[in-house]
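Take a look at the structures listed below.
Across the two complexes that follow, chain A remains constant while its partner is chain B and subsequently chain C.
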Partner chain A sequence: MPSSRILPEFELLMPQSVEEAVKLLKKYKAKASVMAGGTDVVVSGTQGFATEAVISLAKVPGLDYVKFSKSGGLKIGALATLQMVADSADVKKNYPALYKSAAINGTPQTRNMGTVVGNVMRASPSGDCACALLALGAKIVFQGPNGKREISIDEFFIDYKKTARKADELAVEIKLPAPKTGVVSAFNRITRTTLDLSKINAAVCLTVSGGVCKSARIAMGAVAPKTIRLIDSEDLLKGQKISDAILDAISASVGSQISPIDDVRSTAEYRREVSPVLVRRTIEEAIG
Partner chain B sequence: MSTSVVGKRIPKVDSRDKVLGTAEYAGDIRMKGMLYGKVVRCMEYSHARVKSIDFKEAMKIPGVIKCLGPKDVTKKGYNTTIMKLLVPEEFCEVFGEIAEMFIFNQHVKYQGDAVCGVIAETEEIAERAADKIKIKYEPLPVYMRASESRKKGAFQFTSLKPGNLAGEFDEAVFPDNAYGWPDADTGKMGDDLESECDVVVEGNFYVPKQKQCQMENHAYVALYDNRGKLHCWTSTQMPKPVQVLLAELFELPMSRMRVFQTVVGGGFGVRLGMIAEPHACAMAMAVPGRPVKVEFLREEDWIASETRFPGNYDMKMGFKEDGTPIFVEANFCADKGGYYTHGNGPVFCAAAFVHGMYKWKTMRQKGQSYFTNNVPSGAYRGYGNPQTSFVQEQLVEEACGKLGIDSIEWRKKWHKSIGDETWLKGVTYASDDLDGCIDLAVKDIKWYEKKKKYAKQKGKKRRGLGIAVMNHTSGAWPMLLEHTVCTAKLNEDCTVELMASISDLGTGGHTAMTQMAADTLGWPMEDIHLNSGDSDVCGFDIGAHASRTVYCAGPAIIEACESVKKQLMERAAQILEARVEDLQMDSKKVISVKGNSKKSVDARLISKQGVYNFFDPVSGKQIGIPGQIQGYSSFLANHCSPPMGACISEVEVDTETGEVKVLELVNAHDIGKAIHPPSVEGQLEGGAQQGLGFVTTEDIYYDENGLCLNSDFTDYKMPGPSDMPKAKIILVETAPDPIAPMGAKSCGESALMGPIGSVANAIADAIGIRFYEAPVTPERILKGIKESGKTFE
Partner chain C sequence: MNKHPITLTINNQEYSITVAGHHTLLQVMRDQLDLTEVKYGCGRGECGACTVLVDDDNEKSGRKAIDACLALAATMDGKKLTTARGLGENGDLNAVQQAFVDESGIQCGFCTPGMVVKSTDLLEKNPKATEEEIRFGLEGNICRCTGYVKIVDSVKKAQKVMTKNKKKK
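Moving on, here comes the complex of A and B:
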């Protein structure tokens, strides 16, 4: 049986720079996992899912930042911990969905270790920051052997734990657009106990002007093989005055866009039942 | 000034060590030349026969010392539990105890059953080698529930138990396989009286397979020394019985079997008896002269050590329209798991605590345990009583609703009290203030005000209140042996070393014992030290179980200290030429004649001269009275002074998501006397957390092949500190028990029951739907709401 006390054998690589890390990725490709906080890589290692090599970012300088400017938006470095993001007053004020998804993530201990970028890269369908960042329309910056590449988070999640990151690329940064007037967001989740992975989660980011929703992004997690956007629900909301009738219609639209399963945390039936409730409540919370 | 410490909020004797991290748990032990043993468990199947074991590849790994299979260890069968030490031999046979477990098994009966072992220089090498052992299995049919394994034609787990019936209430002790009492007027039993009733309620309940989740994983170090003595350091709850069981298994006299109980990181029943002591000792015997450490992983702890008894618990109750309780009729059919171990114990106790609660005209309860392919069900705090709380307290509430009777008043009127039979036939209550508990809890939570308010509530979130009462026990006399031996050695400086095998599982037991000793002697706590856990040093003690420590071991401590005091006084009387009854001893240990403080002698001098007893060459006499003083007690309990308690919970149910928030919980406990109040409160708070887990989140899940799906803290969720409601613990000391030491009844297990029944009742109160399966998860609540057709606006 895999042991939770004895790590499996793997090669631990400790690059000193982003360039060196990318070189190692080029050499090992999918045979290496990238470790930032290690809260997922180490645990999956002890569960029998170890890779041949682990590339630790611990010695790579300059990646542990959370930078914000009113014009440039938010930049989160690959080594910025969940707690750093949760502690940022700028994040709390301008990106409430991200704030909450980081602040309730895991446990106090894992928040001090785990990173926001790692939460996205892991691409677990139940990732809380992944869900919030999908709704917020994040961009992901990769460094590869041929330089930087920036993609929208919309293109990132492909299938269960399958992403658009190329095997020789390192995710160095996640960016969020500058805050605009009328942009609101919220995140919610349902768990079994306070310190738990999400049974389901939902995040919304809306642009509201005079009670009318100009644009909408709605994301959900743990209801499909990957974190998804509810495009049909977004379409129903766009250009509409937010009313009970619209919220009813949105709730009704959720079911056809999700494909939940039974697992140890919950049942498909429950997830199906509660997803519309969570989406509705998250919209209501965003618009206040 | 009195130095009395009983009832005082003083620091626990072991808190400094635990807070500073210096307490040495079995897993912390490092010894010269120590090797590491790994128990290789069957992970692929929950029911299979081992066809072959191939150690070849494993033995090639440098650092591997030995691999052991079934043929390399004793072939004697055993049972991990200690029933045969608790009851007379004939009784044990009646109960049907069997010894069908082996150190390494060729018939795997649950996922995690031990198949073979590796001994290596390091834990890491042992782990790697274990992976290289090739084991071939032949799968056997899998039965996860009693309802499957009891069917005709099902595979037989053992020829010793036909029909896979591990245990039931045996006819020889329980006529008609039932526990209870007949109606005094008609001689009829249970629901034979149904036709006399105006209101009958019934329910078919499911109670979960809850895991103890103690903090410390099981860990052992064993050494077979060069003098042929086997030593075992273990985190067991029962060092002395484990010594006996190991001596028997390895055919050693007790003089060559030493068990040393290390600091225990939580027990809750999981360490009741043996777990992997046989494996650690068998490995040690294979490498004489070198210690071997065996330490469980958390996931191993989960799949290979016992859980609470799950199963189907059906109950029916009948009442007259004025509320008079007529009958209770019940059956608890449990999933036993792969081995006999506790047999039908908790199933019987579930019935026993029904017996101890209300004044029915008649009660009849039956119970069976059938073998299944999950880890054996065993002891977990409450031992059958939590299951009863979930079932009985819900049905009482439902009945009161139908009768239109205030359920608080009904409970006050009909619960058993002084002179009534307790959980055990023929043993009656000597004290009780359950009414006091109920009144305090009702007042504290503002029951009636809130009830009135919530009657008119609207909206998607609904609040509700629920109550549950309980009775438990203080030790298991007269059903089981309750015996503790204590030796109190008076040191030459007039301090005391107590030697008694008393387990403190984090409960505060060692603190309470020291307090009781201090007050008995009238000396400061610092002058008393409790030496426990070493079977070479300590006399007999049955171990920590059945909430017994203060109640059953406390008197041994008191008697031994009284004996020390008496011997000191007798010597003082001789020295002072006075009568013992005319003497008194103050807190500074000066013994004087009452009313004549000048006529005195220092007890310290008596102690010193007893040891350093010189011959005076001048007078030709001995200086002082010779002999080191020792006090001794071999105490056998003569009652079980059951405590009672009342718990009220307030919940909020989100009718759209099914989520339950426990907002507040008040638990009032009829403790009699709290020896160490912070420990009693700690027990009641910690127990509330486990009770809330039972009723809201906890159950072990298996796939269709019987493989565990949630064997860690990621997938199995118990409430944590951040999930705890505002919990108020009220210690009711208005009914000190006349039989109990210093009036103290038990509190160790009592805390789980109230939160379980009261939260289940509060959920039903909030949304008007009752749930018969625990845990009452959001999934079950939403399903229940949907099926009821109710809407909440």
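Moving on, here comes the complex of A and C:
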């Protein structure tokens, strides 16, 4: 029985730069866990998930930024905390789904430690920022031994805790496209108490013009082995005037796209019942 | 091999110590430095009994509250920290601590060091916090005795005292 008080021993590595961190990743590969805020890596340790080495980014300068420009969009550095993102007026105004997923994440203390990039890299199916960023169409920038690589978040989540990050790559930045006229977004989740992980969560990002939905991205978490997009629901919505009938059809389409399980936080049955409602409410909230 | 020499400034006192890489800040504070006011509650960032303040590198944002159980001590090298013991000046209680005494915001007392640290942080950042904002700010601190009513009353009392003191100045 692992002790929750004492972490299993590991080698702590504290690179001073991104380059040094990547060199260490190349050496240790999957034997090392990358740690930004520590809110996941340390908790995993107390639950007995041993790791040979931890690569802490604490001493890597220049990664704790949230930058926004109207033409360039949003850039979130690997060490930007959830609180930094929640505190950004630009995020709140232009990316409401991301704002909410960061602002209600965990507790005030863990928001001061945990990072948005870490929330995505952990690839837990219930990750709140991961869900919001999937709907918002984020891009992830990795630094590897041979330079930088940028991928769409659509390609990132592969399976339960399996991602497209190569073992010798470090996620250095997450980017969101510049805000465009008519683009709206929203995020919602169901929890028992506010500091719980989500039983289920949903995020949408729509382009709406004259009441007609031009494009749609709908994401859900904790209803499948990974954070997923509801492509069938998106197709139903695209090109349509948003009406009660369309929303009914979208609600009805959710069930066939999800595969929820029973776990400590909820049951498959409950998740199946509530998912269509949550998706619908989130669309309604986005279009306001 | 896995030893890290670090310097921490805690409650204005400097400590130069060597810590193991896998030891948390909480462990080091309690077991190496005897700062036992920082409590071990859950060990996973849910209860807030180990809340401490850390001075932000970016001075504008002031100090921020973190869970000492989730920080590896070695990664905190060079940081300035404040625990419940260091909230007041010259060993006195600060306005929040005094209000917890006056309003009976303390029953068993185990959550209190974390509560007063987090409450001080929230009133520093938002001196005019509403009850809702106080409750939101204390979401990461669990109390199993009071039912929170007395705790919120204590924070409100502290808020009044702090506003009065500010006006006097």
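Heads up, the rule we're going with is that the second predicted complex is superposed on the first by the 288 of 288 C-alpha atoms of A that agree within 3 Å, B and C clash if a C-alpha of one lies under 4 Å from a C-alpha of the other, contacts with A are read in each partner's own complex, and residues count from 1 in each chain.
We adopt the following convention: a contact is a pair of C-beta atoms (placed from the backbone, for glycine too) under 8 Å apart; a residue touches a chain by one contact, two chains touch by 3 or more.
Owing to the predicted nature of the structure, the values given are computational and were not obtained by experimental measurement.
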Looking at the overlay, does A:58 come into contact with chain B only (first), chain C only (second), both, or neither? second
Tell me the contact category for A:38 with respect to chain B and chain C: first, second, both or neither. second
Using the superposition on chain A described above, determine whether A:277 touches chain B (first), chain C (second), both, or neither. first
In the superposed arrangement, which partner chain does A:112 touch: chain B (first), chain C (second), both, or neither? second
Per the overlay, which chain contacts more chain A residues, chain B or chain C? C
Touching A:12 in the superposition: chain B (first), chain C (second), both, neither? second
Touched partner set for A:266, first chain B, second chain C, both or neither: first
Quick one: classify A:194 as touching chain B (first), chain C (second), both or neither. both
Taking the two structures together, which residues of chain A meet both chain B and chain C? 4-6, 43, 194-195
Name, in rising order, each residue of chain A that touches chain B in their complex. 1, 3-6, 43, 190, 192-197, 264-267, 269-270, 273-274, 277-278
In their complex, what parts of chain A are in touch with chain C? 4-12, 14, 35, 37-39, 42-43, 45-46, 54, 56, 58-59, 83, 106-110, 112-113, 194-195
Chain A partner contacts - residues on chain B that touch it in the complex: 41, 43, 123-124, 127-128, 130, 295, 297-300, 656-659, 697, 701, 709-710, 712, 714-715, 717-720, 722-723, 777-779, 782-783, 786
Given the complex, residues on chain C that touch chain A span 1-2, 4, 20-24, 27, 40, 42-46, 48, 51, 64-67, 69-72, 74-76, 118, 122, 136-137, 139-141
